[in-house]
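A, B, C and D are the chain letters, set down in written order, and residue numbers restart from 1 in every chain.
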Amino acid sequence: MEVETSGEAREAAARRSRQENVARRIAILTAGGDAPGMNAAIRSVVRTASGAGLDVLGVKRGFEGLAYGDFEPLSSRAVANIIQRGGTILGTSRCPIFRTEAGRARAAENLRYRGVEALITIGGEGTLAGSAAFTNETHFPVMVVPASIDNDVPGTDYSVGFDTAVNGALDAIDRIRDTAFAFERLFFIEVMGRDSGFIALEVAIAGGAEAVVVPDVKWNLDALCRRLEESQLRGKRSSLIVVSERPRTGGAFAIANAVSARLGMEARVVVLGYIQRGGSPTSRDRIAASRLGAAAVRGIIEGRPPSLIGEERGEVVYLPIGETAGKQRHLDERSLELVSSLSV
Amino acid sequence: MEVETSGEAREAAARRSRQENVARRIAILTAGGDAPGMNAAIRSVVRTASGAGLDVLGVKRGFEGLAYGDFEPLSSRAVANIIQRGGTILGTSRCPIFRTEAGRARAAENLRYRGVEALITIGGEGTLAGSAAFTNETHFPVMVVPASIDNDVPGTDYSVGFDTAVNGALDAIDRIRDTAFAFERLFFIEVMGRDSGFIALEVAIAGGAEAVVVPDVKWNLDALCRRLEESQLRGKRSSLIVVSERPRTGGAFAIANAVSARLGMEARVVVLGYIQRGGSPTSRDRIAASRLGAAAVRGIIEGRPPSLIGEERGEVVYLPIGETAGKQRHLDERSLELVSSLSV
Amino acid sequence: MEVETSGEAREAAARRSRQENVARRIAILTAGGDAPGMNAAIRSVVRTASGAGLDVLGVKRGFEGLAYGDFEPLSSRAVANIIQRGGTILGTSRCPIFRTEAGRARAAENLRYRGVEALITIGGEGTLAGSAAFTNETHFPVMVVPASIDNDVPGTDYSVGFDTAVNGALDAIDRIRDTAFAFERLFFIEVMGRDSGFIALEVAIAGGAEAVVVPDVKWNLDALCRRLEESQLRGKRSSLIVVSERPRTGGAFAIANAVSARLGMEARVVVLGYIQRGGSPTSRDRIAASRLGAAAVRGIIEGRPPSLIGEERGEVVYLPIGETAGKQRHLDERSLELVSSLSV
Amino acid sequence: MEVETSGEAREAAARRSRQENVARRIAILTAGGDAPGMNAAIRSVVRTASGAGLDVLGVKRGFEGLAYGDFEPLSSRAVANIIQRGGTILGTSRCPIFRTEAGRARAAENLRYRGVEALITIGGEGTLAGSAAFTNETHFPVMVVPASIDNDVPGTDYSVGFDTAVNGALDAIDRIRDTAFAFERLFFIEVMGRDSGFIALEVAIAGGAEAVVVPDVKWNLDALCRRLEESQLRGKRSSLIVVSERPRTGGAFAIANAVSARLGMEARVVVLGYIQRGGSPTSRDRIAASRLGAAAVRGIIEGRPPSLIGEERGEVVYLPIGETAGKQRHLDERSLELVSSLSV
């Protein structure tokens, strides 16, 4: 196969597009961990593009499909009745080949060969990084729609999927609360979030947790134990402690064991895991996905530079991909205080 | 009973409070239509106050309980395990007596008699208006936490309960969609919202509706019918049309009949009604209620003037009650366009 | 087109099947009102058939597709990831042409022309009646899987979809209860069920209703009002009354108005409507659908006479279609008593 | 305190009851692991008793409260608005003192001292065993309402809480399925059930699982791996395997690791844990709880011997406590086959 080197093919397609004035064509993919609302974003991209006279090709399995040329046309009808579905109809993957410069060059070839003029990628931090490398090296136009249950994409206040993940975790916590109250016990609940504590913090406030352990703040066994003892003295029948997943907090099991050993109290651990990732997206996520997906298409039509399509204080903004680095978001300290002031 | 005129009692209570340095006391009530998250707001007020050394009295049945002196003390334990519950543990009502100046004067007496130094009211537009009249006439300090599924409280971007109402309606629409797709039919779904179309608009975008009829924009039978006919031609198997409740749109039945008669298509109508008002609050509503409730207590401690505790572009703000008038919020036009551009 | 009279085509297909020993072929359709679990039944039929070496054709839009020859092959993969979906991927309809003997004859021709040897129909009372007429007249083998949210199919204790409908209605009632308790009001809630009160009765017991009005028992205004007055005297803050849909009870509005006029109490009405029909099927419905669907295929393989595949006291039974007439199920009187004895 | 030995006190109370013809009195407790529907059973007992002129005392924290005399009166109003709540308002515990004969004698004294004439216990297998020892030794009348998410109480087809646990697990699996489909991966999901596979089996059928590992059937690594490989060959994009909790299966992690090592496929594990135990009870559980609770009170009034109030083929039955031993229920083999025949 000579696809990788066929500059001619690429040229030919572009020429065809210009000369014959055929409908311009964009491609779309979802990458990294799936997030609820990705389907709503796909639908929005396809229908906005369709309304503007653009063709859309769907790329299967994220960057893997891009590297191997796995495409399918997406019509307005093909995205009917998916707005309410979790996961992604295009599939996703972690793709080693795309992590190489050769892989990315090959992906650009595959796109140009099919006459695709711009790419929309939907995903999290890794997808943003991959998209940045791809567009920098190949100069292929890219727009990134942030979608990550962890809400940790730099450069945007909000990533599609976060609200659904939080509400899914909250639903689980409301169930656990029934048993916690019946049994008067300590429950440690581990939630997702990778390196950031956004899920943990919102879930802790909304779930009425006694305490929260997040990667952003070093946790302290003495302080946590003191807090729990005081709660007992104030007559609390049971306590929930929300813990961000392992890499940086140690995880719920380690913390529960330490507390349990110190206080001599029985503790239970629940690791919510993948149930936070799926489920029908909430209104918030469907609307954000619809808005950002539509904005991505408009950005292409308007000829904007490769950008992250973000939300800033409620408004849609285009942030050039190069400017996203170092824009890490941080937990709101007042929210952290809220957890302890409301669990008295 | 001389409570209404006992200036002495009032004085005595205030004196007691100052001299004996007893815990200062605030009162809290919920009024108007109930909204999910009211309980989370009550919990936040009680626990924030408790942490600051303030006593809290709960007023039963809203302004009615205020006028008739129906109070009960609320401890931190009394508000345990309510953050997840819809409705309001304090009850609410529509109260004729509070609509008179005499009734409001009597309410202030009842508060002062018990040594209450400030009142927090939780409710919608009517509650804000009632609170404004009350504090203007009696000079009794009031803080208002906006809670209304209609999201129509002037002076704040968000009112507690809206997100739960939208997601509840969305859940219903997802169910109806199953039948709509199986049967290939037209469904008109009437949602709440009183004079404003906020619920209808969000539900329409998130529910993938074909069209939306809101009070804010005059609807047009010709345009709606043309749109539905075009959809049929494009091969759509079924369509959902979201309609705001009656007063200003005519309601779903009237519109369905008109469309049905014009197009000769069978139409089904579902009026969602009260199922939008209840249910366990979403994360968004529990967090907003927790933040705004805590801010109301802080506002009292800081000696702020009577205010609406609102959200503006994601931040908590104190808006003096007198300045809320005329701050009606309006539907976002780009969102209205989104409904039609995404239903192609 | 001569399909209707082509005895030859039919013969030829059967001959081919016998001689060439090709895979035998069955067809499947869903008819009447859609019910949650229909997709689980389709999946079970297709996969059980596939495991036994049978081909399956799906018929689109119920009897309409049968009459007009609208078929599509269904593979095991085609029914992946549908077990959790409400509605029916095959579609359904109310079909006038199938109500005539000529229409039914034509349907049999269409089946025989494609070499189909047996038909599985999934639906309610009307589907059973239509299937009976069809097989009686054409001698085409049919198995009927009962699926009806009303649970009113004669000859079986259970119809697929009922449990989901009841739980969907219950979820709505739990939401309404929040407002009812907050406002201390009377709520009349109208549920589906056509001529039978099964949904109403289960929802009333599980929803903790004060009273239930079903078609099976004549309701009495005096008794209902007395009951509600006694409740008020006993200190009940609010009451829910569940009412079966109109044809035979008069509907919730009529009853609410009569009660309201008599007692001088404000009453609210909610008509649940189509939200009871959709939604992801419960475990009960997915399992019943899986069992009955598999049994239908086995019945064909074993050469049983045309039957309803029912549940009787927890066991799967084959009831010859001719014996289902007059097997109407009746409400359990002890359950009716339970509603009033538990709402004291 | 001489409570333990005061035969006189006991006599006196019984005499008072007979002579003064005061309302007879029963007590109720919930024990062991909590199950959704326990509150519905409490409500049913209290209201049925109240309708029959009996007083009800609630015992706090199960057998612990019985041993230590922790009682509170339960009126019809006290059980309002709890039918929809998970957990148990009475609390529960694991109680060492009740495991001794002395502890049980003391419990009987505590009951007789308060003039209680019969006890209703709500719980699972352990509660049944404890109740049997208690009534055998003390001759105190007991009725047992089976409530256990594991559905493993001997002598009854159904235990309150099972349906909610299965549907809760199913909801989690539906969420995981979204990711499984997006990522094309193997997921092992561990569910509760103690020594029995009832939850696992129902969840596997209803969740469309590829395979199920239950304690009742020895699992075989070769067979499981062959099955999964065949699935891959047939083009399945992802597979879910449901595993009963550890004691007898080894647990999901061990099985996932073994399969993963053998097949060289990545596998993910989710342990559902306590989220299966809570949540608002389904219609099935609220109705079973209501029926069995009412039957327990009737059994006392009718003077039946100490019994388990069970369900047998849909009917309520009274099984004398002594006859429950050895009535272990077994998994239905046809259901086990259904899992594999439907996952082709």
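Note that in this section contacts are C-beta pairs under 8 Å (C-beta built on N, C-alpha and C of every residue); 3 or more make two chains touch, one makes a residue touch a chain.
These numbers come from a predicted model, not from an experiment.
J.: Any chains in contact with both subunit A and subunit D?
T.: Touches both subunit A and subunit D: nothing.
J.: With chain centres taken as the means of their Cα atoms, state the distance from subunit B to subunit D in Å.
T.: One centre to the other, that is 40 Å.
J.: Measure off the straight-line distance from the CA centroid of subunit C to the CA centroid of subunit D, and report it in whole Å.
T.: It comes to 31 Å between the two C-alpha centres.
J.: In subunit B, which residues are in touch with two or more of the other chains?
T.: 174, 177, 181, 237 - these are the residues of subunit B that touch more than one other chain.
J.: Mapping chain-to-chain touches, which pattern fits: line, ring, star, complete or other?
T.: Shape = ring; chains linked end to end, path closes on itself.
J.: All pairs of touching chains?
T.: Touch list across chains, by label: A-B, A-D, B-C, C-D.
J.: Under the touch definition given earlier, write down the residues of subunit B that touch subunit A in their complex.
T.: Residues in contact with subunit A: 43-44, 47-48, 50-51, 76-77, 80-81, 83-84, 157, 163, 166-167, 170, 174, 177, 181, 202-203, 205-208, 234-237, 280, 282-284, 286-287, 290-291, 294, 313-314, 335, 338, 341-344.
J.: Using the touch rule from the top, collect the residues of subunit D that touch subunit A in their complex.
T.: Contacts found on subunit D: 30, 33-34, 36, 38, 61, 85-88, 91-93, 168, 172, 174-179, 181-184, 187, 237, 268-279.
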